[in-house]
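As written, the chain order gives the labels A, B, C and D, with residue 1 at the start of each chain.
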Amino acid sequence: MPGNSFGQFFKITTFGESHGEALGVVIDGMPAGIVIHLEDLKKELKRRAPGQHSVHTSRKEEDLPEVLSGVFENKTLGTPIAVIVRNTNQRSEDYSQLKDNYRPGHADKTTALKYGFRDHRGGGRASARETLARVIGGYFAGLIIPDVSTYAYIQQVGPFQLKVHPENHNVDRGEINIPDEAMTKDVVSFLNDCKAKGESAGGIVAVSIKNCPAGLGEPVFDKIKADLAKAMLSLPACCGFSLGEGFSFAHLLGSEISTNSSHFGGIEGGITNGEDIHFQLVFKAPSTIGDKAKSGRHDPCVLPRVIPIVEAMTKIVMADHFLRQSAYDSFLP
Amino acid sequence: MPGNSFGQFFKITTFGESHGEALGVVIDGMPAGIVIHLEDLKKELKRRAPGQHSVHTSRKEEDLPEVLSGVFENKTLGTPIAVIVRNTNQRSEDYSQLKDNYRPGHADKTTALKYGFRDHRGGGRASARETLARVIGGYFAGLIIPDVSTYAYIQQVGPFQLKVHPENHNVDRGEINIPDEAMTKDVVSFLNDCKAKGESAGGIVAVSIKNCPAGLGEPVFDKIKADLAKAMLSLPACCGFSLGEGFSFAHLLGSEISTNSSHFGGIEGGITNGEDIHFQLVFKAPSTIGDKAKSGRHDPCVLPRVIPIVEAMTKIVMADHFLRQSAYDSFLP
Amino acid sequence: MPGNSFGQFFKITTFGESHGEALGVVIDGMPAGIVIHLEDLKKELKRRAPGQHSVHTSRKEEDLPEVLSGVFENKTLGTPIAVIVRNTNQRSEDYSQLKDNYRPGHADKTTALKYGFRDHRGGGRASARETLARVIGGYFAGLIIPDVSTYAYIQQVGPFQLKVHPENHNVDRGEINIPDEAMTKDVVSFLNDCKAKGESAGGIVAVSIKNCPAGLGEPVFDKIKADLAKAMLSLPACCGFSLGEGFSFAHLLGSEISTNSSHFGGIEGGITNGEDIHFQLVFKAPSTIGDKAKSGRHDPCVLPRVIPIVEAMTKIVMADHFLRQSAYDSFLP
Amino acid sequence: MPGNSFGQFFKITTFGESHGEALGVVIDGMPAGIVIHLEDLKKELKRRAPGQHSVHTSRKEEDLPEVLSGVFENKTLGTPIAVIVRNTNQRSEDYSQLKDNYRPGHADKTTALKYGFRDHRGGGRASARETLARVIGGYFAGLIIPDVSTYAYIQQVGPFQLKVHPENHNVDRGEINIPDEAMTKDVVSFLNDCKAKGESAGGIVAVSIKNCPAGLGEPVFDKIKADLAKAMLSLPACCGFSLGEGFSFAHLLGSEISTNSSHFGGIEGGITNGEDIHFQLVFKAPSTIGDKAKSGRHDPCVLPRVIPIVEAMTKIVMADHFLRQSAYDSFLP
């Protein structure tokens, strides 16, 4: 059942359940001699942290990262970097009634079927809390490809859709990662309403990558689009990935797309072509609804907080493929 | 640049360029003692073969599989199974004018950027011809999970959409893998028209899996949805994957989906729940259009021939995860 | 530079430098529902701990394991098990004079050449301290194959050789893991003498495995002898591995060995045959000698403390191959 | 049961049974644009071929390599290189009496135990014939590291030992890979005698690598010594690997080895130090003895023909680690 590692050269292995002692990540394959800034890492974790906005769960988690290895005098050693975050917010409530109570749309039942035993106090590894280890991995990945810029944002929440996509990565994404003030207002109001009613909502995230070198991606199975898709579909609640024009490709004719490579989302033949990369993700509405959701200790929508996680997974894929391609640099003519 | 292997336990490694000597696959991890039927394998290859319908490329390829190893007296040995298919249809034409001519929307340019050297006579590994190795792999994967039924079909081509999804896997998919006679007629006529004009079209494929055991999929990165997404996005022209309600999840509220697990496409928490699995794929229109396309030696649309390939990749993912989970069977209570 | 994971199904990923915050291991692929005993794990770590005998380094390390994940109510969850051990014994001495001082026979110089940057305060990942993570991994591996008995012992230290090999695994290995009282006395006296003089010694370890199922080992590269050899040669100071009659095979004729499978060490064709497995390892004398060694903070010989580490690596290999073979159990006739 | 791939970046996957259609290898991770010389590859295969000397098996195999993919206009494409060799020398004899006849010291019994089904006509994957795929892989590996010189030779056969080790790689290894004329004579006569009697012999191979860059090898599990050990122990009949002073380290004191790095065989801390690399291997006597051996269709000793195979595996390990380290080159100060 090993399935907790991702990447070939920049490789993360994550661990930790939502109600266990700690969560963490081991990063293997980090180049040596790279300066790290713990404050930047904390900032990334804070972008993901709950309890910071009315549309988040009210649960607070401090998420203090502790670097256990791989760094000396603020520089990476080339050895594995282990970072942990203690769980501090488990409430000492009585969980026993949850033991045989499988929540629909959660991993409760499938976890029980797969393992025959589970930690019934919470989502375990299926909890969104797991993703903080990915954010830590993403911070380090970003240091390998400092010139590559990754920018994710909310394109849709429930009935609200973004009309104009931002052209550059400086555009302010506001309080909940929507690069549009009016839509932000609408969505905040909509989600606060959802929260009050015990309702939940899904949506679409768009991702843009600028300044990515050409030539990344390994035919035929480790195409960059394939590894990005796997990275994203490994996120809780993510139910779809699409590249470039996405599902609109279904009705676009060859003559409408083949004159101009911009439709292909920066990837041709599964390999980056040096242009901007564009892809989209869909996330379903959280399954916790009704009275339980009204407690406020659940997100009515994962999208506001998923943005830094999506950016982290993107960087992990790109850093990994950057190193994979670098191994062959000296053979290029 | 190794990227030509897929799977952990049921592992295929493919090779071969469109204009080289041969293409093939090595299957490592096949259980021993399983009876094979070469005729069934040939049938699968024939489902993928071009030149069989007016909407296909007119190029004919015989695609005779030759089993080089791993089988003795029609039974698998548990050793690697190597199967090759010779290329017999390369025309001895003059390819020199293609040398520095990068076709838009193809892998020509990115291949040159990545490797610094390429076989300019054709698509090389980016050619759809590569996928026959996957069909061979899929045949053997299917023998591992004989009770799991995989059924893919065309849901949309250009402007034409399927109105009713087939409920079971016996529904006839007609001459071009559309389980609806009227739509088949429309699409055949539309694609013949495209072919005549040098136009091309995209579309959507739907996949249904029945009788899949619960418990397959490995949190947190090798979730079954993540591995299916990778498998599918590794296919040429595939630009999107979605599970269950797919991109419709964007506007569906929690209350609309969480009462009934059928919306989740048979996968919860990244693990199969024992219900039917449903996912969709989008394929873009082929980039070869205009005068070159009018030669008839190109498919105006990949969907009619992609169905057996999609089924093959599905079986490969499921067989691999079936073996992965089987390793732990004896520890289940 | 990722190289800190070992195993396919029972997979450990280790981290931590000798002078960093902590060392640890993530175990991925542990079956669920297995009862663990923290006291047994501590006992294993204690077998490896320094400072417990006059022939050890006088350095004391408490080595308290902290389980961060993967265990709930004393049972494994099937999720990754992370265990860390804090470093508590780094002395706040001035290490600056070691910065450009490469100790001969250590990894100092090669680490600098490879990474361009290193933690000069100690051996980093090349320190024997790294091996405690393997002992933790070995404890959990042992729980997967409880019936397989692994027994390692000292066969030679410097000029002293064991005359009679123990026939079973109950034989007491005395204070420094030599199953012979007289030889123990000789070696203790010899090593104390070495320590006083700033001298060091090497030796040979023998390993016996009883009750191992037949059929483990994967041709042609993951033969069980190949994976055991890799596991052992990955240990600091280990310079050789040999199976069965080992280097004596050089002069043994076919007629002397082929009538009786006992010579082959329990492995034929790279696969376990169900008989007892026997192999040997050679370890070189520690490179720290002379005045520096006289401080007492270095082992004059690694063998007394290496025994539990060798057993741990053995169990990790066997548990991994046990799970690999188990995936195919249901296909056996 | 997948176990037929070796290497991370320069990765070979081999297939083929001794009595099947063909054997072969797929090489994934080859850099593009490298000129290949088919004649050089054939020369390497010929060095391994049987039937060329009186001390070989009299079985003749032509071993014509056919390159199926990955090469265009005599240059590598960066795509997988598949090379096959047909089996042409299987005799159409009646093998049925071998069906339940497990030859002692062979893989017959363990193969049956592991897989429950086997090709009883010969050794299958356990046959030494499998190694020709490795020789092909080694040829391509050598092209990646053209400046690294690998030189293996026989150090001992039965009672005969080499007295002086060759200092450089130009020393002629004579007709059976012994760099000493007198010893060659003795061993030829000894092995011819063995052959006549149906006897067999083992021996030791020494390997020297010159001009290897420093910094290769990945702590802590993929140390270069660990991967070399695995590579060698994966060879049929190989029963031991030792580095530098090898098993003599058992009695060498620290003061005898630590003043001079030459004892360590070119590897410190598991990483190459830029000096010459030295290691040794022991091979057991073939298990086919007696009347069956007298037929002449079996080698009385594997060592004369194992030399090119050992060199091939050495190059595969070094090329793989060269690429692994190259990925990080741009980060070195």
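Following the convention adopted for this analysis, a residue touches a chain if its C-beta (ideal position, glycine included) is under 8 Å from a C-beta of that chain, and two chains touch if they have at least 3 such contacts.
Given the structure is predicted, the values throughout are model-derived calculations rather than measurements.
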| item | value |
| --- | --- |
| Between A-C and C-D, the pair with more C-beta contacts | C-D |
| Most remote chain, CA-based centroid, reference being chain D | A |
| Whole-Å gap between the CA centroids of chain A and chain D | 45 |
| Whole-Å separation of chain centres (CA-atom averages), chain C against chain D | 27 |
| Averaged-CA centre spacing for the pair chain C and chain A, given as whole angstrom | 38 |
| Residues within chain A bordering two or more other chains | 1-5, 8-9, 14, 31-33, 78-79, 114-117, 125, 219, 324, 327-328, 331-333 |
| Interface residues, chain A side, partner chain C - complex | 1-5, 8-11, 13-17, 20-24, 26, 28-33, 66-72, 75-82, 84, 114-119, 124-125 |
| Contacting residues of chain B [partner chain C, same complex] | 8-9, 31-34, 78-79, 219, 323-324, 326-333 |
| Chain A residues within the chain B interface of the complex | 1-6, 14, 104-111, 113-117, 125-126, 130, 156-159, 194, 199-204, 214-223, 225-234, 236, 238-247, 249-261, 264-265, 268-274, 282-290, 293, 300, 324-325, 327-328, 331-333 |
